[in-house]
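A short write-up of the structure that comes next.
Chain lettering (A, B, C, D and E) follows the sequence in which the chains are written, and residue indices restart at 1 in each chain.
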Amino acid sequence: EELTLQLKWVTQAQFAGYYVALDQGFYEEEGLEVTIKPGGPDIAPTQVLAGGGADVIVEWMPAALAAREKGLPLVNIAQPFKKSGMMLTCLKESGITDPTKDFAGKTLGVWFSGNEYPFLSWMHTLGLSTEGGEDGVTVLKQGFNVDPLLQKQAACISTMTYNEYGQVLDAGIAPEDLVTFKYEDQGVATLEDGLYVLESTLEDDAKVEALAKFVRASMKGWRYVEENPDESAEIVLDNDETGAQTIEHQARMAQEIAKLTAGSDGVLDEADYQRTVDTLLAGGSDPVISKEPEGAWSHVVTDKAAAE
Amino acid sequence: MLIGLEALAGWLAILVTGLLISPKLAPVLLVWLCAWIFNTWLARFDTRLTRFLVALIFGLTIIALWEMIVRIYAIPPLILPAPSRIAASFVANIPLLWGDFVQTIVKGALTGWILGGAAAVLTAIAIDRSPFLQRGLLPIGNFVAALPIVGIAPILVMWFGFDWQSKAAVVVVMVFFPILVNMVAGLAATDRMQRDQMATWAAPYGQSLWKMRLPAAMPFLFNGLKITTTLALIGAIVAEFFGSPTTGMGFRISTAVGRLDLPLVWAEILVAAIAGSLFYGIVALIEKKVTFWHPSQRNQRG
Amino acid sequence: MMNAVIAANAVSLTFQTADGPVHALKDVDLTVCQGDFVSFIGPSGCGKTTFLRTIAALEMPTAGELMVNGMTPDEARKARAYGYVFQAPGLYPWRTIAGNISLPLEIMGFSKPDRAERVDRVLELVDLEGFGGRFPWQLSGGMQQRASIARALAFDADILLMDEPFGALDEIVRDRLNEALLELWRKTGKTIGFVTHSIPEAVYLSTRIVVMSPRPGRITRVIDSTLPAARPLDIRDSPEFIRLAHEVREALREGHGDDT
Amino acid sequence: MKNAIPILTVLLALVVIWYLAAIGMNSAWVRDQAARAGTELTTTELVKQTLTLERPVLPAPHQVAAGLWDGVAGQKITSKRSLVWHGWVTLSATLTGFAIGSLAGILLAVGIVHSRTMDQSVMPWAVASQTVPILAIAPMVIVVFASAGITGLLPKAIIAAWLSFFPVLVGMVKGLRTPDAMQLDQMKSWSASGGQVFWRLRLPSSMPYLFASLKVGIAAALVGTIVGELPAGASAGLGARLLSGSYYGQTVQIWAALFAAAALAAILVIAIGRIEGVTLRRMGLVR
Amino acid sequence: MMNAVIAANAVSLTFQTADGPVHALKDVDLTVCQGDFVSFIGPSGCGKTTFLRTIAALEMPTAGELMVNGMTPDEARKARAYGYVFQAPGLYPWRTIAGNISLPLEIMGFSKPDRAERVDRVLELVDLEGFGGRFPWQLSGGMQQRASIARALAFDADILLMDEPFGALDEIVRDRLNEALLELWRKTGKTIGFVTHSIPEAVYLSTRIVVMSPRPGRITRVIDSTLPAARPLDIRDSPEFIRLAHEVREALREGHGDDT
């Protein structure tokens, strides 16, 4: 059986579980033929799914719920990432120590293309406008890399624990010179990499069967990553067509990722879901979602996966 | 008349194959055929008004066909929104679109285009007297012009910050060499007799530059300016992908795609197309006024 | 000898081209006096244009000596001694006829009212009153050529060099301009160098006819005109005129080699 | 060859300017680092460090050259780290797109020259089509094609074709219209058919224009391909290489890919120039 | 009257332009017989070219009747009755001289050996043997013009229409080509329509000289030549020639209004 998975970003250890499952033949054992499509900047996985270019996508929940409100019936079928890896990283010399007081008047780097929702929620809870000015923050659409921080174009930038933070360190800035704020610690964490399909897919029992196999094999992949981060990094590297990744960086990423997947068996925890929804609903004047979503998740696939 | 019959046969063939591929296409093909026949009839008059009408009808037909196809095949709006939805989004978002237009086109593209153009013209005049520099600079210029902007953009964003200044810098880099090359060619465009005349009057360099070379270079300069109008827009928009404040057309397009607000994306594209056509049209109009004497302008009557 | 305006002494000019050297002029000797009307005639490529250009300092001779008004040609050029009419009108299309005529005047620093006055005067001279505001491309070829002549006349240079100025005109218009040119020359006493392909034209206009021959470009005959100073148009049917024309044709045919 | 000395001179000047700029632009970072480490720097140390940074703001020429050399010669051609391999991926899509684009341009031009209706309808919109920021919506194009089951080389090639068809169209329309009234009258006085006029007069006289616009077109096609490669992040090609370099802040890698792309463009343009030379010489249009 | 090859009956042609109608031809009557050599002369813009083009069906008269060989001009064109030599050589730069000459032959479907034979024959006729493999720009202007004439001769049309074919040539070359053209005409008995600006040329070549006048374009005089059929070049110094030339000049001057 054939399945196409659309990733949220370029080939890197963030998606090691899937690559390992493919490489180690976990999918094959289940009788699946899986194609993994790497993503990239400005590729919206939700749009690819809507266009029929993929069967399953890896997406963050805020973007998925926003798409659902826009009329694209996305359903979360599994949640391999238990924790959020998002944080805001600031230079110590910018003088920021307390998010509730020090952000006003500063420039902050934020990712857009559907990744901006957690940030907007957070700023709303802090009561900060994102339109700039004395008592708001100036938002800069952060490009592909950590340059805005290194060039001091922004006081803080968005980073992932497993990726951009490492890049900042690699660039030669010591951890002592940095201040970081994890969304997790600020109480605004939202669920990250989950697996989503269209509602209609779940009406087809054969498809559900295949998805169950897929989730089971993928989780097996993630377990493997947690146990063998270095080898997993190698596997990811083999699958990277650009040849730009380095083993050091990917190995560290695999280790950091393992911290986020730890404790997840793929089943979405309703409490986590509710926390994400609540955070998003609090989104202020331009809320990410305006009403409590319904049917945005389903356990049928994970239940089936566990049953066999 | 014979040619008319041939063309008709051709259209019938297209019609039949179209219907064979998908019978649902019948109304689409019918509208197309009617519009085409009407246009063919209209094109015969060949006046300024009918030329405009023909182009307009062609455009409207395309839009009508687009709307029909989207509806007939129920194409999801997440892939291709219908023109009616795009228009609705356009109307609903005019203040937003205006802000983006100012940020990207007025501040980014226009500033960069003017700076780049001015720099190119001055450079051309500076190297005009030195064949050595010309021979050395132009091939390298062509090489630099071939550098894909997408590669330069992140670097310039890194250098000039994320606001419109870096977009203008990208535009400067993009338009500089095409204008330079045209201007250098233009300054060399005087024929030998015209230069000899200046020599028999013992004209100093400044006079012959001002009274002969610059006027003679205008058609070439405007050629370069026209080509670069669309380049300037593209450069300013694409550069926003590599970092921008939270306004601008490139910013809006990428975030709107992320939010699956496709009608807004297309409304931005519409703004870009209108602005680009206007920009081009205005430059062409100025060209007409400035180079009224050039054969290519004189022959365009009626 | 009267005061020599142009004195060429064994002037040679060789162009270096990709196919080897071209001897455009070889050992050309010629003295032109104040008030002479000298025509140059000869087959294509014999160096007529080149010689005129050399006089005007648009080319440098590679050998020999050339003096104009006792100066080098380049000094004479800087002293604005020449009016030069090129074979094609060569008007600047972005200037009106009046603007074209006033262009050399601007360059030479004439005052604005002086310019306007001169432009009007020469426009009348070449029969173009009322066309000053038109652009060159709105005029017929003949009118453009006349404007170009007017331009060369406007700043009153002592030496007028004209390279086939009437080549593109029809016979009737040409006759008129020939008459007008003779008239102007008689009135002003300018020294004129005139290139033409037409034997009757050369005979009709000149005090001296210089016959040239190609490969290498050289002077083969200099024929002094025996016609009177006053020349109505039908002097061209007179036996004296026909004799001179015949002489020129014979001279031309001698110098005309196996060319194309 | 007489151009060699001027080009080398200008090149030398550029390299010098580049070095100075590299020192200038990188020094802020070096100073910052020194301050963080609490050390003092002598000028020579400062200069040395600015030219050997791992993540320079502006890499020095020798760093780029080393990056290029490593990418071209330091790897097996089939390796994913080889610029030759990425160049090849980009090249194949460029050529496909260029073929589609120039063919479309030529066919449209033929139609426009022969049909007044097409001339009046299509031409104004051809101009407008180029004002659509195709580069900005390239990701969407890729997605839309993917939804129609078209993936891989073709979507990139279509973006390339979109950018390259316009110059070819404009040049070809101009070229096909170069025969003047006299030449057309000549054909008429021999009562030549429409086909004969096209093949024996219009087409040959359009050749110089065609080649001039093909050169512009192929450079545009390359830009289109590279942009098409960007959103498809992790796939191969010079565009992907640029992007990943940018993503990881590897300036040397960006610049190396950039120069590789420009060199590819130069090679393509020169190749067309060669074909042009041979063709026009055969046709006797070059002296 | 002998068999009329061209019969124009009150032919008028008016161009509609942005500045109003231009009466390029008005009530032109003319009959040209088999074997005639008719020259058209007149000031610029009098409709010479337009009349030639109308005969060749390159323009349509707006009034009147025009018959060629008893057919409409368009039928005659389709029957390939014309060889037309334009004012400029108009050779295709991408074809050799031989290729240029054979182009109309290809279009008319002559066989390959026939083409080769004809190309050789006409090249010899215009004195260009051995130049068939050259490209146009490798030849001088005069040689190009001859090649252009050869091209019009190659397919042996009965009617040869020539629009100022020698306008750009120098006098000596022109003389030669005039002689050659007369020779050809005598040998083949073609009917020739010939536009020129030169009075001596018209008188030297023609059996009939048609003098035209502008605004509106019309025929003002038709002068039948009294010269003998055999015409050496120095017939031009004969009193009869000079008388004819004078007559033509007078006719021209009459028709020449206040033009430019």
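Keep this in mind: a residue touches a chain if its C-beta (ideal position, glycine included) is under 8 Å from a C-beta of that chain, and two chains touch if they have at least 3 such contacts.
A quick note: this is a predicted structure, and the numbers were derived from the prediction, not measured.
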Chain-contact steps, minimal, separating subunit B from subunit A: 1
Common touching chains of subunit C and subunit A: B
Most extensive contact between chains (C-beta pair count): B-D
Innermost chain, taking as reference the mean of every protein Cα atom displayed: B
Between subunit B and subunit E, centroid-to-centroid distance (C-alpha), Å: 49
Centre distance in Å when subunit C and subunit D are each reduced to the mean of their C-alpha atoms: 53
Cα-centroid distance, subunit B relative to subunit D, in whole angstrom: 18
Separation of subunit C from subunit E, taking each centre as the mean of its C-alpha atoms, in whole Å: 32
Multi-chain contact sites of subunit A, meaning residues that touch two or more partners: 41-42, 44, 47, 50-51, 143-145, 147, 151
Multi-chain contact residues (two or more partners), subunit B: 79, 154, 158, 241-242, 254, 257
Shared-contact residues (touching 2 or more other chains) in subunit C: none
Chain-chain contacts as defined at top: A-B, A-D, B-C, B-D, C-E, D-E
List of subunit D residues in touch with subunit E within their complex: 182-183, 185-192, 196, 200-201, 204-205, 207, 283-285, 287
Touching residues on subunit A, where the partner in the complex is subunit B: 41-42, 44, 46-47, 50-51, 63, 66-67, 70, 72, 112-116, 130, 138-145, 147-148, 151, 153
Subunit E residues touching subunit C - in the complex, by the definition given at the top: 43-45, 139-143, 170-173, 197-199, 237, 242, 246, 249, 252-253, 256, 260
List of subunit A residues in touch with subunit D within their complex: 9-11, 38-44, 47-48, 50-53, 143-147, 150-151, 167, 170-174, 177, 240-245, 249
Parts of subunit C lying in touch with subunit B, wherever the complex brings them together: 53, 56-58, 77-80, 82-84, 86, 88, 90, 92-94, 103-104, 106-108, 135, 137, 155
